[in-house]
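The first chain written gets the first letter, and so on, giving A, B, C, D and E; residue counts start at 1 in each chain.
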Amino acid sequence: MIQLPRLPRLTHRRAAPGTAPGTLHPREQRVQQIELRLMCFGRETLEERNLGSVDELPAVAELVRPGFPGAVWLDVVGLHDVELLAAVGRCFGLHPLALEDVANLGQRPKVEPYGEHLFIVLDHLHAGDQAFAVEQISLFLLPGLVITFQEVPGDPFAPVRERIRRGGNRLRTLGADYLAYALIDSVVDHFFPVLESFGERIETLEEELVDRPEPAVLEHIYRLRRELLMMRRIAWPERDVLSTLYRDELPLIGPETQVFLRDCHDHAVRALEILETYRELAGSMLDVYLSSLSHRMNEVMKVLTIIATIFIPLTFIAGVYGMNFARMPELHWRWGYPASLGMMAVVAAALVYYFRRKGWF
Amino acid sequence: MIQLPRLPRLTHRRAAPGTAPGTLHPREQRVQQIELRLMCFGRETLEERNLGSVDELPAVAELVRPGFPGAVWLDVVGLHDVELLAAVGRCFGLHPLALEDVANLGQRPKVEPYGEHLFIVLDHLHAGDQAFAVEQISLFLLPGLVITFQEVPGDPFAPVRERIRRGGNRLRTLGADYLAYALIDSVVDHFFPVLESFGERIETLEEELVDRPEPAVLEHIYRLRRELLMMRRIAWPERDVLSTLYRDELPLIGPETQVFLRDCHDHAVRALEILETYRELAGSMLDVYLSSLSHRMNEVMKVLTIIATIFIPLTFIAGVYGMNFARMPELHWRWGYPASLGMMAVVAAALVYYFRRKGWF
Amino acid sequence: MIQLPRLPRLTHRRAAPGTAPGTLHPREQRVQQIELRLMCFGRETLEERNLGSVDELPAVAELVRPGFPGAVWLDVVGLHDVELLAAVGRCFGLHPLALEDVANLGQRPKVEPYGEHLFIVLDHLHAGDQAFAVEQISLFLLPGLVITFQEVPGDPFAPVRERIRRGGNRLRTLGADYLAYALIDSVVDHFFPVLESFGERIETLEEELVDRPEPAVLEHIYRLRRELLMMRRIAWPERDVLSTLYRDELPLIGPETQVFLRDCHDHAVRALEILETYRELAGSMLDVYLSSLSHRMNEVMKVLTIIATIFIPLTFIAGVYGMNFARMPELHWRWGYPASLGMMAVVAAALVYYFRRKGWF
Amino acid sequence: MIQLPRLPRLTHRRAAPGTAPGTLHPREQRVQQIELRLMCFGRETLEERNLGSVDELPAVAELVRPGFPGAVWLDVVGLHDVELLAAVGRCFGLHPLALEDVANLGQRPKVEPYGEHLFIVLDHLHAGDQAFAVEQISLFLLPGLVITFQEVPGDPFAPVRERIRRGGNRLRTLGADYLAYALIDSVVDHFFPVLESFGERIETLEEELVDRPEPAVLEHIYRLRRELLMMRRIAWPERDVLSTLYRDELPLIGPETQVFLRDCHDHAVRALEILETYRELAGSMLDVYLSSLSHRMNEVMKVLTIIATIFIPLTFIAGVYGMNFARMPELHWRWGYPASLGMMAVVAAALVYYFRRKGWF
Amino acid sequence: MIQLPRLPRLTHRRAAPGTAPGTLHPREQRVQQIELRLMCFGRETLEERNLGSVDELPAVAELVRPGFPGAVWLDVVGLHDVELLAAVGRCFGLHPLALEDVANLGQRPKVEPYGEHLFIVLDHLHAGDQAFAVEQISLFLLPGLVITFQEVPGDPFAPVRERIRRGGNRLRTLGADYLAYALIDSVVDHFFPVLESFGERIETLEEELVDRPEPAVLEHIYRLRRELLMMRRIAWPERDVLSTLYRDELPLIGPETQVFLRDCHDHAVRALEILETYRELAGSMLDVYLSSLSHRMNEVMKVLTIIATIFIPLTFIAGVYGMNFARMPELHWRWGYPASLGMMAVVAAALVYYFRRKGWF
């Protein structure tokens, strides 16, 4: 009995219907200690440290200089402390509806302009044992400042952090919008390892499909379809986010960064196209599975039919000469027995010939 | 024999074709007494009472002050009294076509601007024993005034009412458009419990699918698909309503409220995406069901074929030596009987070997 | 043998390809006598009579007063007299292409502005024994004048006529555009009885599907799908007609009437949504039908397999001891016969146990 | 063994990839002699003759008078003479790319404005024994001049030619654009006989489906689907051509002709709707076919199961009393034989009762 | 056991997620020696040579004269030398993101304007043994200059090169945009040989489908569907590229070239339509395959049922008279034996008659 993976529960349980919008609800605690990682950098300067408490936030706010080459990046890991979220929101003037979406996980990827700032929700895919796990990444883009919120420490942003540290690249010389792009790009790039693992599973399934059309294969196809479906639910709106970012003339995003966002959008489209191809392949594989089941059944039936159809008449002949009638002249003929065996051989040969001509074996 | 749920009858029986538009037809009575609940509130003030009769309506009309922070909310529960509906319509200048839609249940969710006022129809989903029941909610937005019509008392608006009473929030300080938003939002929020129950049913079905592919499972899948179809018929136009409300620049809806409506629209889109995923999963489950039926049939056929194919030739051999021919030399051989048994064993072993090589067991 | 309903023949046989456009071809005669019903009404006045002949048409043309509250309505029933059609066309300046469409039945619903007048084709559905019959209704809207053409007398317009006679309503006080709306609305309203009959058939089929999956059910599903398909071919363009009428700013249609047309459009959309739901349900039912066939087959096969698999080995044993070898010591054992019966019982019990463990019964 | 119709080969073999555009390649010769039919007409005048050679073309060019009521129509039948095509092109200033499309058959229907002239490609359907054959019609519209190219003489334009000869109609009084419309209209009109033949085949198939679900029916459905698919590939772009012609404000097409093109577009849309309905019906028929196969199999299995299940136990009983044990007391009972027959009857009756209760017969 | 073709691996392995955009990664080496082929031509002049090293690039840059009839074409074959790519990019001011796409194979076809230059990615299909192999072609269009990058020497551009050498055609007299068109056109033209091979495979499959519905056919259909899917993933964006090139008013592309690009776009659309038709045919073939499997099974079952159903009752009768009861009067009747045989004949005849009436043979 093969266990199907559970549907990712809809347990990003929302507030009860009718609750006031913008209300922050405490999340289950998934990190031990909320981290507030600060990076503040310009062309030549770099300051990196973890904030000790919320009280340092106003000092951070003062570091932000919109026109400056470089940017300030505040990365919050862990979402269970409602107070802390509210404090961040107050300090940087984030819209309560946006903050509610940060805390209420299970949002769909989206970009929402709120007057002064841009609010972006993305889903980061962790390739794991089974397909993928989803982590909601929230990102605020303000002039000269990027604030990100992650659920767990496993960090999709590590390579970006590394590039900032290394310096001597666009990250250090362009502004906050380029930083935001770099972060978004690293999220989109994580689609591809997941797709590769899907591709490998499809290849494996294709082989099993031919070699052993077992119900386990069917389970795998179903599971695959379901996971592709769920990834699609993430990838489509994520593409829309990127399309909005590079097409709409948003005031916070400079033309130089737009070119990079177009490139990133292109990656998302490519991921989607691969995804859709896989979905169609999964559908085709199901058809092949059903057809090979049918074909196997045909084979089984043919064997049964050939054996039964040949021996049933023979058994009947034997039965006739096993009857106990007093007067059965054949029984006393000299060649009666060999003749009966011969008759059986003729019947069998005729049937074999008939099946052969039908192309059954 | 499993009983399928009845198609929700099309018994919101419309007037005979050709009847004059705007005619009000009496509805079946679903509440004992029509209630007219009035809430009139500002930042600091709150008046809440049930109107005794239609005669108090002009007094209500006088309470409405468009520019005022706060709003007047008249909530009518029960639709069977045509006279009362007409009186409300006359008093607040509601368009007869809109009033007809209030009374003629079974409207699709829609938003219609009628000069002075905005008319919105929504479908409220009550999560019940089986999937959901639908209640039509009609809402008029006028300057400073919201009028709602419900079929039955079970109240999707209770939490909003509670928030108004508590005070100290946006509901009290923003105008009638925000009140309308809050009411709409509470209707949209009720999609999610229904979707959660669908999700649970799908999970249960997936398990049953694997453990016991009974026809009952098939019935459940059909029922599920049908209910998803009907919910979809509600959710799509409801999303369109929200899309119109936040995108079109309707004069009655302020920019501040539009931001909240955008958020609400986002919830509706998310609900729809979940719905569509479920629909695809239900389709996949049917394929899995059919395939496991086929597989089971294969298993049954194999058992039959193996048993029959082994024993039929053996029975034939036994039949031959049961013949009563006078001259059957084998019958008199010393080792005739053991030899015949041995021959049978050889035949049986050969067939078993053949089936094993075919991978049948 | 169940007879499928014939495809509605494509016998609205068009003129031979290449015929000049605007040519009028005589239709088969479906009414005994062409009727020319005239209604001419204002707020207080009403003149209603049947025209005796084509010669009275110029007098009718003189009755038309564009700005007047009220309108002139000429309703032509029966289309076989090409001369008469041409006369009407000449008298009121109707475009020859439009007149050709009036005469050449089988047009798709459409709205075409021809300079001075608006030409509208609609399909009226008569709910009959089987699904529906289609009648083409052609309508010309001119300033102050509506001309309608019907194939047969069965009158979708009777209630409108009645409302005009009763008077004291919008029909009498608004102009020709409102009259046109009222006529179109009464055509659209006739979708709903047809849809209700479809709904009832689906409910009946759902029950039969579960109780008796006979091929007759299959025929019914096919028939249903086909009829839904054909209705859809009418309903989609009809919706487009209404969408054009209320959205495009056509000079002949006043803003007041546009509100009513929007309402009518809404009804058409609702009808379409119900239709599409039914189409999906019909598809689902077919899946259920196929699956229950498969399940039944499984049941039949199991019975066969159980019986055959139990008795075939037993028969073999009996066959062995029916052999006539001279030396079969068992035959002479004291307990040989009971022992053989016991052996059979053991084999049978073992097989029954095996099947039980497999969950076959 | 039923032969499927071959896929229309892709042998409109294009030039090798990379060949210069505008190159004319000789076509296989399908007519004995290329014909150059000239018609030059005004309101009162008509000149009709076949050109003897290319040398007369300049004289034709001089006949063209743009503003003139009436037009010049040059109809070229046969495409194998590259030189001739080039000469026509040079004489009237046709674009080399357009000329290449004339010669390279297998173009999709399209309309392309080339500065001075309009180039239109259409596919003419000849209803033949099997579905239809396709002939590419190329049409150039210049001021006062229409040039058409046909592959073979079988003439879709005969009725138009006839109407020109008869005179006294729009063709003679309107210009070249109306002539072009009339030619296009006669091509589109030829869709309907083809669709009628499809309709008849569907009706025949529906009957055969019920009476004799043979594999031949399956072949026919496949063939039908394929042909519908190929016709669709022609009809969709043809509709687009007409949509472009009547919607875009092309300078060569007058407003009066646009009204007629709209009508023609409407015919094309209607043809497409019928086509799509047929496609869906063909899909439904396949489902019905598969289901009736399944149902037949069920019937066969039931017969086998009933017979086998009744007689196998009886044969077993007979086998038991055919054993040769020395001590089988029943064999010597007085009523042993009738009792055994009675037992068999009881078993048979019980099984029959069981099957009846299961509703198997 | 038929081996399915492997899914083209996703091994255009991208840089690790989060890598800086515009980073060039060394590719696996697929050519021995990177070639830099230069063609520089005007109306009368032609210079063609292979560059020895990157150092000659500045000299090439000086050859470029934007307004000049003719163009400079630099064709780079082989992509493994990151340094060389970077040098080309620096010399001609190519955008780093575009260069990254040149090096990171597996891009989707696209066109991207980067200020001064236009960057186009296309997929060239090599028709090979199995369907096709894909090669990414990157093309930069600058004023007076075209730079192309190919993976391997197998040259889709050979015919264009030849036409340039021959001279006296548009290639020599028009500018770089026409050269770019000619190159793109030769890539699009390669779709058709691939489609022809698909067409031939479909025709072969259709025959096999009818003659021998073997599982190998199923494998071929699956393989076909998969390859069509992959070709579609290339063809759709390629069409979009052409649509952008001819519709958008890109400053680098003159109006004369746009006409040619429109023609090329038309070819791409035609290829897509053929592709979609093939996809639908492949789906239909699968249905036919499944149905003929079902039909074959029916045939097998009928043979089994007829034989078994006829002989099982006969064998039973023989069994009865093979019983050893002491008192079986029939056994001693004079005509007992012939009577029993007669009875068997009657039973057999009745069953045969029954099956005939059922139309089973």
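The rule is simple: a residue touches a chain if its C-beta (ideal position, glycine included) is under 8 Å from a C-beta of that chain, and two chains touch if they have at least 3 such contacts.
What you are looking at is a predicted structure, and each value in this text was computed from that prediction instead of being measured.
Enquirer: Taking all residue numbers at the subunit B to subunit C contact, is the shared part over half or under half, that is, same or different?
Expert: At the contact between subunit B and subunit C, which are copies of one sequence, the residues are largely different (under half shared).
Enquirer: Since subunit A and subunit B are copies of the same chain sequence, what is the angle of the rotation superposing the Cα atoms of one on the other, rounded to the nearest 5°?
Expert: When the C-alpha atoms are superposed, subunit A turns by 70 degrees onto subunit B.
Enquirer: Take the average of all CA coordinates in subunit A, do the same for subunit E, and state the distance between these two points in whole angstrom.
Expert: Centre-to-centre distance between subunit A and subunit E: 26 Å.
Enquirer: Roughly how many whole angstrom separate the Cα centroids of subunit B and subunit E?
Expert: Averaging C-alpha atoms per chain gives centres 42 Å apart.
Enquirer: Quick one: which residues in subunit A touch 2 or more of the other chains?
Expert: Only 290, 294, 297, 301, 304, 308, 312, 315, 319, 322-324, 328 qualify.
Enquirer: Select the category (line, ring, star, complete, other) that matches the graph of chains linked by touching.
Expert: Its topology is that of a ring.
Enquirer: Could you list, by residue number, the parts of subunit E that touch subunit D in their complex?
Expert: Residues of subunit E touching subunit D: 156-160, 163, 169-171, 182, 185-186, 189-190, 192-193, 195-196, 199, 202-203, 206-207, 209-211, 259-260, 262-263, 266, 269-270, 273-274, 277, 280-281, 284-285, 287-288, 290-292, 294-295, 297-298, 301-302, 304-305, 308-309, 312-313, 315-316, 319-320, 322-328, 360.
Enquirer: Spell out the part of subunit C that touches subunit D in their complex, as residue ranges.
Expert: By the definition above, subunit C touches subunit D via 1-4, 6-7, 9-10, 14, 16-21, 95, 97, 101, 106-108, 110, 112, 114, 215, 218-219, 222, 225-226, 229-230, 233, 237, 286, 289-290, 293-294, 296-297, 300-301, 303-304, 307-308, 311-312, 314-315, 318-319, 321-324, 328, 330-332, 334, 336-337, 340-341.
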